[in-house]
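Okay, here's the structure, questions in a sec.
We call the chains A, B, C, D and E, going by the order they appear; numbering starts again at 1 in every chain.
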Amino acid sequence: MNKQEANRKIVLQTEDLTMQFGGVVAVDHLTASVYEGEIVALIGPNGAGKTTAFNVITGVYTPTNGRVRLFGDVIAENKPRGKMKELYKGEDADAYSNRIVLKPHQITKLRVARTFQNIRLFKALSVFENVLIAHHTNLKAGVLRAAFHLNGHEEKMMAERSMELLRIVGLDHLADEISNNLPYGMQRRLEIARALATEPKLLLLDEPAAGMNPQETLDLMDFIGEIKDQFKLTIFMIEHHMNLVMGISDRIYVIDFGKQIAVGTPAEIQNNEAVINAYLGVAE
Amino acid sequence: MKKDFSKATRLILSLMAMVGIFFLLFWLEGQKSQYGMLISVMQKGVILSIAAVSMNLLTGFTGLFSLGQAGFMAIGAYVTGILTIPVDRVDSVYYVNGMSEGLKSFKETLAVLPSPVLVALALIAGGLVAAIFAGLVGIPVLRLKSDYLAIATLGFAEIIRAVIASPQLDKITNGSYGIKAIPGFDLGNGRGMLLIPFGVAFLCIGLIVLLIKSSYGRAFKAIREDDIAAEAMGIGLFKHKQLSFIISSFFTAISGGLLAMFMRSIESRAFQIILTYDILLIVVIGGIGSITGSVVGAFLVTFAKEWWLRFFDTPLTINGVQIPLLRQGFRMVVFSVLLMAIVLFYRKGLLGNTEFSWYGFLTWPSRFFKRKKPVSATPGEGGAGDE
Amino acid sequence: MSLLEIRDLKVNYGGIEALKGIDFAVEEGEIVTLIGANGAGKSTTLKSISGLVKASGGEIWYDGEKISGIDPQKVVAKGISLVPEGRRVFPNLTVRENLRIGAYLSKDSSAVEADFEKVYALFPRLKERHWQSAGTLSGGEQQMLAVGRGLMARPKILMMDEPSLGLAPLLVKDIFRTIKEINETGVTILLIEQNANAALKIAHRGYVMVTGNITLSGSGSDLLNDASVREAYLGTSAG
Amino acid sequence: MTFTTFIQHCLTGISLGGAYALIAIGYTMVYGILLLINFAHADIFMMAGYFMIFAMSSLPWFISIPVVIIVTIALGLAVEGAAYRPLRMAPRMSIMISAIGMSYLLQNLAIYLFSALPRAYPTIEPLKQNFKIGEVSASLVTFLTPVLTIVLVVLLMQLIKRTKIGMAMRAVSRDYDTSKLMGIKINRVIRFTFIIGSALAAIGSILYFTDRMSVTPFSGLMPGLKCFVAAVLGGIGSIPGAVIGGFFIGISETFLIAFGYSTFSDAFTFLLLIVILVIRPTGLLGETITEKV
Amino acid sequence: MKKFISVFLALIMVFGVVAIGSPATVEAADEKVIKIGVFEPVTGENGGGGFQELLGIRYGHELFPTVEIDGEEYQIELIEVDNKSDRTEAASAVQTLLAQNVSVVIGSYGSGVSIAAGELFNDAQVPAIAPSATNPQVTFDNDFYFRVCFLDPFQGSVMAQFAKEEGATKAAVITQLGDDYSAGLGNFFLRAFEEGGGEIVANEQFQTNQTDFKAILTNIKAVEPDVIFAPSSITTAPLLIKQARELGIEATIMAGDTWENQSIIDNAGAEAEGVCVSTFFDENDTDNPAAKDFVEGFKEFLNAEEEYLTKNGGDGVAAVSALGYDAYCVAVEAIKAANSTDSVAIRDALVDLVYEDGVTGSISFDENGDANKDMAYIKIVEDGTFKFLKTVTVGGDEAEADD
């Protein structure tokens, strides 16, 4: 860790994060930090446990062992319990004594938003509604006030902000379109816009460029840079398109079999023997 | 962009329609002797439409497949019934075991209220009791997935029925003897038999529509579309499912209360699974996810079942030839075959998940005839458009 | 004529074009490998050959017969087996039952017995554990079981979807050695791999896939030394 | 309660439980493979009751029984083909609605064909012979039901454990796609499941109705729901679980009625369901399956 | 496709409202018609008994198809609806009747549906005459409900008295939960039996549609009663009888009027021997000339129609058929007396009506609208048929003691 990093605020930190399903260890003692304003990539071969790591961070899974901190506060902590105690294959089984489990929506309220590997839009709803819904998490009106439409100002603000976001991602002209009818690349953009509507500080992107052609990927790269600056985001992403990863990441974590095998700048990673072996296989 | 009239035009059209319906109802009420059947079927239709819309709020908008409708209707019906029986009829209704003293004196206190107020309070009380039950039941049940949820809520409805009919509660619910002498829809001057149920339905459905159009309604839809994404967008699954379940139960119970007033006498057996199935049928026929569909479906199903299709049940002889198949029970067979046909071949129901719009309604005839031409000109287009 | 020939194969998932029209061929007795990064469309290719995914365009020819569009059961019956990605053994069946079900279409029980012996000879570990339920096996053992199960159908072509996925390096070596052994018994092999080095080393020929297209093809050793293969994985903006 | 009375109640309960167990197997097997509550199963059971009435009106009992089993199987297959197969790929809710619709249709069809009036179930003489052991008195069917249930279940377990089709059923219940890759015809396996389920429902119906002597179009409704609960109780997908669940519900129901809580006999079953789903959703013998997001 | 279906449905809707919406106006003008509603269960658990009652009404209509009002000949039209033995259905069945402007209604078999419908008849001011609904609640507090049979308090006392006469000291009662008839009658029997010094050793209940009575019968067997009083529907009867015998219960089984139905004997077979029931009428009672004529005529009527015979279970004359016939005759008499088709006028006429020629005895109504009757027939099953055993009369005071 260099000095420059030490002075910056840590947004996300995982400590010995381990996720084990039955006998299979998907994430193995992952200790990683993301600093404010960074774009950090998490890469690794297929099945390395990247998406699982994201799912633990966002509260979809409860970790088997380890801890996750967000802005210094613990959002998940656990140690192997019950049946897992015997099955557990990792170390430090007793280092984390608390059991803290936040639900995904609670974590979202702590300003973390995400996109999904296999696009999870609200398919039957319009583009506009998709974004509007994401504002719900910051809604102040209770159900009665909302049901009697007494929060007109709030609704209006939400609608305006949604249109604004759509304008930023360049989908405003398609606001009334059913989201499922959008082309693939636009669906990805919409998913990002929807995540932004929750007003996050940390944005997790799970393979944002999957299925995109090189040109679209380049556009996406610019786009991610833009929104990062505009919304003062910290970005943590999983990606396979190396052009994209190498092009915009500040730092890269590489994992294989759930374990971290390398961390560093893009240049460092591209010449790292372990990474090349992980991707291309061990050359004998 | 979807084509539609301006907001003002829509408002005027809606107001005109409402005034028109009001006068139609008012006029019909006056012709009771001549249109008795029509009135009675309309009453039942509008009452079921509330239950159907409430079910749709759960099933169509929140994606929760619950089969507990009959149970919540029973709660509403019983609470409304017990509170509205005239005090002087109580002894004759509870002739076997008598009514509990506490309840009776409570009723005597309530008796000072004018009857429309009492009825309104009773309906709301029924809704609230059901909502409380829904809140409690929701805690364990709403964690379950699709068919488990369905069967658990169905089971819950059966439990409600058993509790209502149980001898232990016979001083409150009159056990399994049911309750009679429930006042009907009456504003005091022989009026109200249509205006009251339609008025209540208008309020209830209106509220549900407003809810659906609010931010909470959108959150429900998000859960329906993709619960994982909804949660990731900060929508608490349990809280919102619970909310939807409670609200739906509230209105279902109001529908049950109205049903009690319509039937004038109720018993727990009236609230069997079959009632839930009937409401489900309405929702499916109308289109899961369409409020107007549920309303239209409620009237269509009730009219067809109670009236138009009755002739299927009576043997018919024309020119000395007995028409085959027509006899007792055939109506329901035709009905269930229709349901299956809709489920299998026409899964979206009448309105799919779209809503009634004046534009669509008024331009429908012209579109209907226009559409034929392009279809015949480019045969491929029709098929692609349907997907 | 090739044993298996893919002509202009296209597959759409919803609005996404997973395969944009690919052509390739597999000759009898070969090991052919499709390599490429995640999401390049490799698995989709195998799934559409085996009939699990319906192609939206193009044709698949096998042994002089068009097989695109027919049911998976029929594809298996014709002699094309797929060892699916992620092993997909039946966890509730025993090891032996998993193998037996691999020979589901076979009516000749003595032949099945003989095949059992062959598979057990190939993977002695499976024999030791044949009464264990497959869910209790380790990842490597499950992979052996999946391959063994594929062999039980006596395929002419065995298609393998990332057999090295999630296996420790030592086991990966074992698996590839076994693939070579299987090939030497006369089974044609179509192999999908991310582990390009290992795959190309045993393959006669290879194809490189990038986002639904085949961008490169050649013999295993040629590709192994081709710089553009590395690019396909690690990007062009290297350095 | 005297000991004799207790034993007599036990007999009634075990016999009822046996019939429940046979029906519950049908639910658990179909759920295991299709992930569908076959709501129509209860009505297939009810229809089997009517088939027996018609068969026995012209045939002796020993011919009627196989005839009824065959006709019931045909009905089960027809239901599968008409209501479930076309919706194999449809969303879960559509299939469930279709199942409910099918149940509704069968009930209404029964009302139409046989009227809602209860029909007397024919007496199968050998089954109705009265036995007296001390003070305890019951007909043969009461004793036979649990025994036959156990025998059939053991046979069924063997079928599923030892035969190829049994193996295929287990495979299909876990993984459609991989099963297809093995050359298994999914539809055929599903049909086979319905054949077994319907045959057991037919046998169950013969035992159940012989004991209860009358059939109405609604005869299946409550037993059906209870048997589904039995299947959930035992762990859905598990045949021994369904049997345990069936016996448990049959016995507890009988004792509830015996203690004067007949109003709650149905409610109890559903309460049990909710409690189980909350405490142990996998049931007594069910396996935990990790769900992947 | 969607469009066509929508059009089709819309057309049906319009057609429905227009065509059927005003049925009252399309009557043939040249013929004077008065409508009598028949509100009976033809399906459901009481479908069998309801149909027998309906047969009596139809026979009455065949004999007296017209009535003279104000010197004009009116055709009587029977409007039959099925209440399906179900209270919920009853409401819509009544609506159907009222919508057709019936002047008077006959029905129903089964007290529960009658009670449910009472409120609606009262509101609409249409008089209803129950042939066989015996529960006091049917007419209580209802100025428009009348009945031509005796009441449950009376019937219960009769059976209690009969049980005592037969030497019974311990009795068990089985009633159906939620069935006014069964629970009411059971209750009145229970009180009368205890008042008479007997002991009620078991009081068990079962649910509607329950078909397994072994659990409650096992309990009853344990307390060894002399008689079991089990008023319930026709459909439960054979099940109860057979299961009791299967469990080795040898006590005499008794029940109320509903059990006087041949199908019970047909279904229960030899095990029905010795079952005792109370009833309103005995076809072999030759003292009453009106009854004699009725029995002859009714048998002929039955034999003329295959369907009637099978549904009636032979050409026996059920008491409810006789009551149905009487109810019809009373209705016609009341119309004559009122000399009007107006339903309120007919109600007023019913209050003062005295009908001497009833096949079940002379009929007049007390202030509740109940027929003044004080005699019941006891029948016993012997050799596969109901045999007249004796008549039992209880003082009128005792019969009404409970109200």
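The rule is simple: a contact is a pair of C-beta atoms (placed from the backbone, for glycine too) under 8 Å apart; a residue touches a chain by one contact, two chains touch by 3 or more.
These figures come from a predicted structure and were not determined experimentally.
Trainee: Please give the intersection of the contact partners of subunit C with those of subunit E.
Mentor: Chains touching both subunit C and subunit E: D.
Trainee: Taking each chain's centre as the mean of its Cα atoms, which chain lies farthest from subunit E?
Mentor: C
Trainee: How many angstrom lie between the centres of subunit A and subunit E, each centre taken as the mean Cα position?
Mentor: That gives a centre separation of 74 Å.
Trainee: Distance-wise, how many Å sit between the C-alpha centres of subunit A and subunit C, to the nearest whole number?
Mentor: Spacing between the chain centres: roughly 32 Å.
Trainee: So the centre of each chain is just the mean of its C-alpha atoms; given that, what is the distance between subunit D and subunit E in Å?
Mentor: 38
Trainee: Enumerate the residues of subunit D that touch no fewer than two other chains.
Mentor: 111, 115-116, 263, 266, 293
Trainee: Find every residue in subunit C that makes contact with two or more other chains and list them.
Mentor: none
Trainee: Of all residues in subunit B, which are in touch with two or more distinct other chains?
Mentor: Residues 165, 167, 176, 228, 328-329.
Trainee: Can you tell me which positions in subunit D touch subunit E when the two form their complex?
Mentor: 1-2, 4-5, 8-9, 12, 16, 111, 115-118, 120, 128, 130, 132, 135, 137-139, 211-214, 216, 218-219, 222, 254-255, 257-258, 260, 262-263, 265-266
Trainee: Within their complex, state which residues of subunit A touch subunit C.
Mentor: Within the complex, subunit A contacts subunit C at residues 22-24, 45-47, 180, 182-184, 187, 207, 210-213, 240-247, 257, 267, 270-271, 276, 279-283.
Trainee: If we count contacts the way the header does, which residues on subunit E are in touch with subunit D in the complex?
Mentor: For this pair, the touching residues of subunit E are 43-45, 47-48, 84, 177, 204-207, 209-212, 214-216, 218-219, 221-222, 235, 238-239, 242-243, 246-248, 266-267.
Trainee: State the interface residues of subunit E toward subunit B in the complex, per the touch definition above.
Mentor: Subunit E reaches subunit B through residues 2-3, 5-7, 9, 12-13, 16-17, 20-25, 42-43, 82, 86-88, 91-92, 95-96, 98-101, 112, 115-116, 118-120, 123, 136-137, 140-141, 177-180, 183-184, 187, 205, 208.
Trainee: Name, in rising order, each residue of subunit C that touches subunit D in their complex.
Mentor: 50-52, 71-73, 76-77, 81-82, 84, 88, 90-93, 97, 100-102, 104-105, 149, 153
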